[in-house]
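The structures considered in this document are given below.
The two complexes that follow have chain A in common; it is paired with chain B in the first and with chain C in the second.
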Partner chain A sequence: MAEMTFYSGFVIPFIVGTSVLFAVILYKYMRWMVRLPREDKRLVRRGVFSRATAEAIWESVAECLLHRRIWKVNPLLGYMHTAFALGWFLLIVVGWAETAAYLGGRLVPLQGHIFFKYFTTSLDHAPRWGVDFEAVMDLLLLYVLSGLALALFKRIRSRALGMRRTTRLTFGDRVALTSLWFVFPMRLLAESATSGIYGSGGFLTGSLGGALVSTMPAASMASFETAAWWGYSVALGVFFVSMPFSRYMHIFTEVPLIFLRRWGLRSGETEKSFDHFQIEACSRCGVCIDPCQMQRDAGVTNVQAAYFIRDRRYGKLTREVADNCLMCGRCEGRCPVGIGVNALRLNSRHSLNGTPADGRYDYVKGLDTSTGSRVFEGAGCEIGYSMKQGRVGFYAGCMTLLSPRILKAMEVIFAAAGEDVWWADRNGGVCCGRPLKLSGDVEAARDMMRFNEGLFRRHGITVLVTSCPICLRVFREDYALEGIEVLHHSEYFERLLSEGRIALSASDDGGLLAYHDPCELGRGCGIYNAPRNLLHAVADLVEPTETRENALCCGSSIANIHLPGAGQLAIGRAVGSAFEATGATEIVTACPLCKKALTRGTDLPVSDLAEVVERHLKVAR
Partner chain B sequence: MGAINFGYTVSAARAIDLDRNDLGPARQIAAEMPEFAACIACGGCTATCTAGALTNFNFRMVQTLVRRGEYAGAWREMNKCMLCGKCRLVCPRGINTRGVVRLIKRKLGDY
Partner chain C sequence: MKRVIVIGGGPAGMQAAVALKAAGLEPVIVERSDALGGKLRDWHNLFPSATPAREVLDGLRKAVEMARVEVLLHTEVEGLTPDGSKPSVEVALAGGHAVQLSGGRKLEAAAVVVASGFDVFDASLKEEYGYRIYDNVFTTVDVERMLNEGGVALADGSAPRRVAFVHCVGSRDEKVNQKHCSKVCCVTAVKQAMEMRALFPEADIYNFYMDIRMFGPGYEELYQRAQQESRVNFIRGRVSEASPTIDGRIQIKAEDTLVGRPMKMSVDMLVLAVGMKAGSSCEKFARTADAALSPNGFLAPADLFSGCVASGVPGVFYAGAATAPKTIGESLAEGSMAACWVVEYLDTLAK
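Showing the complex of A and B:
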């Protein structure tokens, strides 16, 4: 077998492509790893030899090869992605095994593996190791080609694969996509030609080769073979060169992302090196586009996660694209790669909009507008009072202050439960800081957070109740409130009910309630059941088609500073009609902002959970 | 020869000559956010303002001054806003007030 040189002119495009691919990828990964902040590097060191690594290996197999999460979106879409990933992976692995089976331990250059059929025509292709490699390789090629057929079909009818809209591709993506689509048909033609000439090949390449030989004279068959191998190599070369600069960078990048994420790395308030792994792991598959209400209802089609990440990756991110998003998190929940797009968007906003705090909120210093039942009993009382333990504080938040009915309901419920409440901001207070944080002004937001923290501590509360999910989320995520339990009012009511401090009577008016999950409460804080349990206790409950983790956003999210009123209204109306379709007689939500937004979007009455609880309070006899 | 001190003086003119104001930045703001010009100065925003309850911040006043081309102090005033968004909910003209705040700050950072 000494005549096997494993070299022919046509391998050059492949070798150049592979070299460029690995050089660029290695350069990128090294650079991003070196630039990781010190804390992240520590997490990596701690994580490498831990259980997390084993879990990451399994997740890499399940996601990068099997694409488990895409199967959950749509089985056909899952099949398509798996056919490309797993099929190609197995072609490579089984191809190496084939080389080893026929050539033993002999060192074979890379192109020898890839263009095995071309270089080993002198071999007899009888099964080795008990495996009919030609048949297996043909089967795998057929598997990939079936995925390719689906991909072509998806171009014509994406709905059949569960996607109403697909991603608009960049020029680079199109080059990569076209070359990728040529790789496998060219491989089929090349291997078939060689098989036909030398009478080898499996059920696919063998029979196609035979057909080719019978239709072509020998001389043109030889040039056809050369052309086909050249075509195959050029397709591979072009794909490999374009890969690190296109959406296909995700093929490799998802693996380090999974490992780093398992080791505990996350994107933060400000941009950092880890973000690159998230950004370049996005394949722009477009699963994020359909659930986006900005696209669906407000007609904004350039801000979706895939486009935001694309723009940021290529340095073309505009304020508009970064800002014009409700941050409802519906896309994040469906991302097959698990990219934390909201965190990325937030730190982009920080880079684009963030300004130094400059002490601009110094005017809040020393302010205290709080009230409590006994705070005003006499001089010095407040200080003595703050020492008392077991106190419940209530923080209404700006939006509740704008909804006096919720405030009134809270008052009645607190009185019914006999709770001695400290009201943090009933007469106007300082904003929780989340709106500023969401707009990218992280430093200034921190000033506000520290102010409120100090206020809560000074009054010695042990439980902090809020009726606003926006405040709730920032209290839980960004405030240092050790020793103070932070509860949403739904959780607090549930506790009062289970402790027997309030009792609710079921209504008998035949009303049918539908509950709207606020984004910040549901996807934000994971609270889905507390409000539903309370509502179940008083009336029948129906669910809209998109609910819980999948719930719609009201459209007036504080996170979108760009969307004009018409867009907010369009989204609110769409949500309103989704609720009207359930046959409910009343919509209940647990967020004052959602309440206002939904009221504008429907003719159905909209209430806050607190109002419903108040309405059904059983008065103690 | 100093002027005779009568114990009172003539006040400086308080007339505002709008024709002499530089309306460039105001026009730029209105071009980016046309709704900026839709304000009817009802004052709902100011009445509901979280920051306005704690300081003398007055969104209606600042944005009216900016529309007239009187930018002095606008940026410093707008910095008091906490972006809580109540004003946007009460605005009868549906103006994206938070967007206006940010735009004014961005355009008038120098004044």
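Showing the complex of A and C:
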């Protein structure tokens, strides 16, 4: 066997590229890890030797190599991603095995593995370990090339791969993408040229090499071979250098993200180091673009999750891009990487919000108009409030207060159930805090929350009912309400019904109801069935094409603090026509804000669930 | 053919028909309801002079009668089909009364004047004001009706001790798709506030406004008199919500933007100064005649200055509140003007 040097001039671009890639990635990851806040580091330490790590390994294989979630979006799109990821991964792994099989345990430099065919022309390539490595490697190369063919096809007709719109690319993305597309065709040409000259190669490289030799004079064949290997190495080098600065950074970053997420790390109210892992794990695949109603109905095309994350990553985020989003969560649910984009957007808003207005909401402290006074109770001289304990509290929230039909319905239903209710809004309750939180003013939001918590406790309620899903979500996610059960009015009505405290009569007017899932109630709190169960009890129910987890946003979400009325209306109308298409005679929703938004989006009557329940109350009691 | 179809039998349509007849043409008024007069029938006294609406209406009716204008009541226009020099309208029977036209019939004419008017904004869309939810929330249209029926009173028949008017309900409000100013509601609310003062000398009367727009002759003077003689209080601020109090009154929340403070007030009667919305048939007419609509849904005149009664479609003309909110006086003027344009148009065709 001739001595193999594993060196030729063309390996330089590859070596440089690889070095830059690993240096940059290592620098980034080290920096982000070191800067993790203390509690996140504790989560990491606790997580490393737990079941979560095993689960993370499996998830990494399933998502980073097999791309399971993308297969669910569209099988062709899934095939394309898997062909690149799994195909390339196997080319590397089988390549290493091939080296080991033919060269034994000796140390082979990196370029020796990558350019194996070029450096091992003196070898006998007969199968080793019972494996025809040349055929297997050719098969894998063909697999990757089939993915590349689909990627090219997707540029022309993205619809065939289940995407109406694809992401607009940055300059770095273009460089990386172009070099990536050259990598595998160049590899095919280079390996075929060498195989042709030396009479080796598998079914693909061997036959293509043979064809090349038969059509080209021997002298030009030699320079063609050198040129092809140079091309392959340059393509790899350019791709590796551009990778950490382009969307392809996701290839590596998704793996640490999966581990950190499994160990319990999440993005929070304020920006922190963990956010980098989420941001750079975004491949800008564009799956988030099609479901976005801002794009499809309001004509806003620069704020979608992929663009928001891109702008934030490159330090170009503007308030407009951060603010102009409904935060409906339709994109988040479809993200193949599972990036928590709403949390990122919120903490961006917090950062862009500037200095919070200290003391702006100090006046809330004077709003508790509780009639109860501090008295000495019992012989033990215990100080307490003389207010009734264990009542049901009702929190209407600003949007219900602006929808008196809902309020009136609640009063009637409470009376029918014989419930002794404490009305939060009439007794000093302030804003739930979610609007402030959604605008990025988390400090002021916290003031509101702490005030309401104190108020609820002082009045000794044990159940808190709200007719507003926006309030419901913040009560469940951000309030410390141990000992107080928080219910949406739909859940409360269901309970009243099952306990026999109210009875409903079905209507016989032939009306057909369609239920609109509010974002904050459905995707936000996971409540889909309670309202439907109640509606089923009184009338026939139809569903629009996009419903439940995929339900459309009404367009007037308070989370969007930028979109002008015309855009809200355009979205509202689109939702309205989706409901009109069902043939429903009435739209029912369970959110006062959705009700307002839909009322102006359609000519169909729109009601809140409470109004429908009130209408069908049996007054036999 | 001398026939000219006038769509709508309100002030603008009646005026146009009378003028057309005087010019020797054969106008036909197609009216969807059971009588001529349009919304003028529901008004009590007209601003700023307190002229009884009936006086104006009777004058118009008499003129139509004297001119022997053909009138088709209970007849709805389904669409306009301008066909070169001979436009026609598709008409359908609205009520099923004994009118000689049957559904889907085509009526041909030399020209068409669209005087289909406006719709009153549905105040129940501003749910936060509690219209049709609380007993004592009314619209300015309800007040006109009550005045015509002989008296304003609360639901229980008693006299209000405090009345508040809310301006711009369904006007200048993006939240209900009504961006435009309806212009007549300010002066209507001022007029009604003064009428309330006359009825209830001891009551407190408030007007909550964004801007007071007194654009017409005598309007500003009326506004001054409302403050000085009728002791009407004007508060600059938009009412945000209305809720019931335990004693059956209505509590309103607003911000006094001149003082810069939020305020609450309990009132016995809340009157919503409802705006003018584009007529529901505007869209249908624009679509079938291939004419333009304004962004606010009213028909768009060919030119705001020199062609305010022209549609841009040959043989089709506009008059009155079909193109924008207008006063009775303005509608009447446009009725005459549209007739002039029809005559001129037919003369040009004949040459």
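Please note the rule applied: the second predicted complex is superposed on the first by the 590 of 621 C-alpha atoms of A that agree within 3 Å, B and C clash if a C-alpha of one lies under 4 Å from a C-alpha of the other, contacts with A are read in each partner's own complex, and residues count from 1 in each chain.
The rule we apply is simple: a contact is a pair of C-beta atoms (placed from the backbone, for glycine too) under 8 Å apart; a residue touches a chain by one contact, two chains touch by 3 or more.
What you see is a predicted model; the values in this text were computed from it and never measured.
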* To do: Based on the superposed arrangement around chain A, label chain B with chain C as either clash or fit.
  => clash
* With the two structures laid over each other on chain A, which partner does A:Tyr361 touch: chain B (first), chain C (second), both, or neither? -> first
* Asked: For A:Asn353, is the partner it touches chain B (first), chain C (second), both, or none of the two (neither)?
  -> first
* Does chain B (first) or chain C (second) touch A:Ile57, or do both, or does neither? -> neither
* To do: With the two complexes superposed on chain A, say which partner A:Leu436 touches: chain B (first), chain C (second), both, or neither.
  => first
* To do: Could you look at A:Val542 and tell me whether it touches chain B, chain C, both or neither (first, second, both, neither)?
  => neither
* Counting only touches as set out at the top, which of chain B and chain C does A:Ile12 meet: first, second, both, neither? -> neither
* To do: State whether chain B or chain C is in contact with more residues of chain A in the superposed arrangement.
  => B
* To do: In the overlay, answer first, second, both or neither for which of chain B and chain C A:Val20 touches.
  => neither
* Looking at the overlay, does A:Ala97 come into contact with chain B only (first), chain C only (second), both, or neither? -> neither
* Asked: Which partner does A:Leu402 reach: the first (chain B), the second (chain C), both, or neither?
  -> both
* Structure fact -> Footprint intersection on chain A (chain B / chain C) at 401-402, 564-566, 569, 596
* For chain B, which residues are in contact with chain A within the complex? -> 35, 48, 50, 53-55, 79-80, 82-86, 89-90, 94-96, 98-99, 102, 105
* Structure fact -> In their shared complex, chain B is touched by residues of chain A numbered 353, 355, 358, 360-361, 363-364, 367, 398-399, 401-402, 428-431, 433, 435-436, 439, 441, 448, 556, 558, 561-566, 569, 593, 596
* Footprint of chain C on chain A - complex, ascending -> 401-405, 407-408, 564-566, 569, 596, 599-600
* Asked: Considering the complex alone, what residue numbers of chain C touch chain A?
  -> 125, 127-128, 130, 133-134, 174-177, 240-243
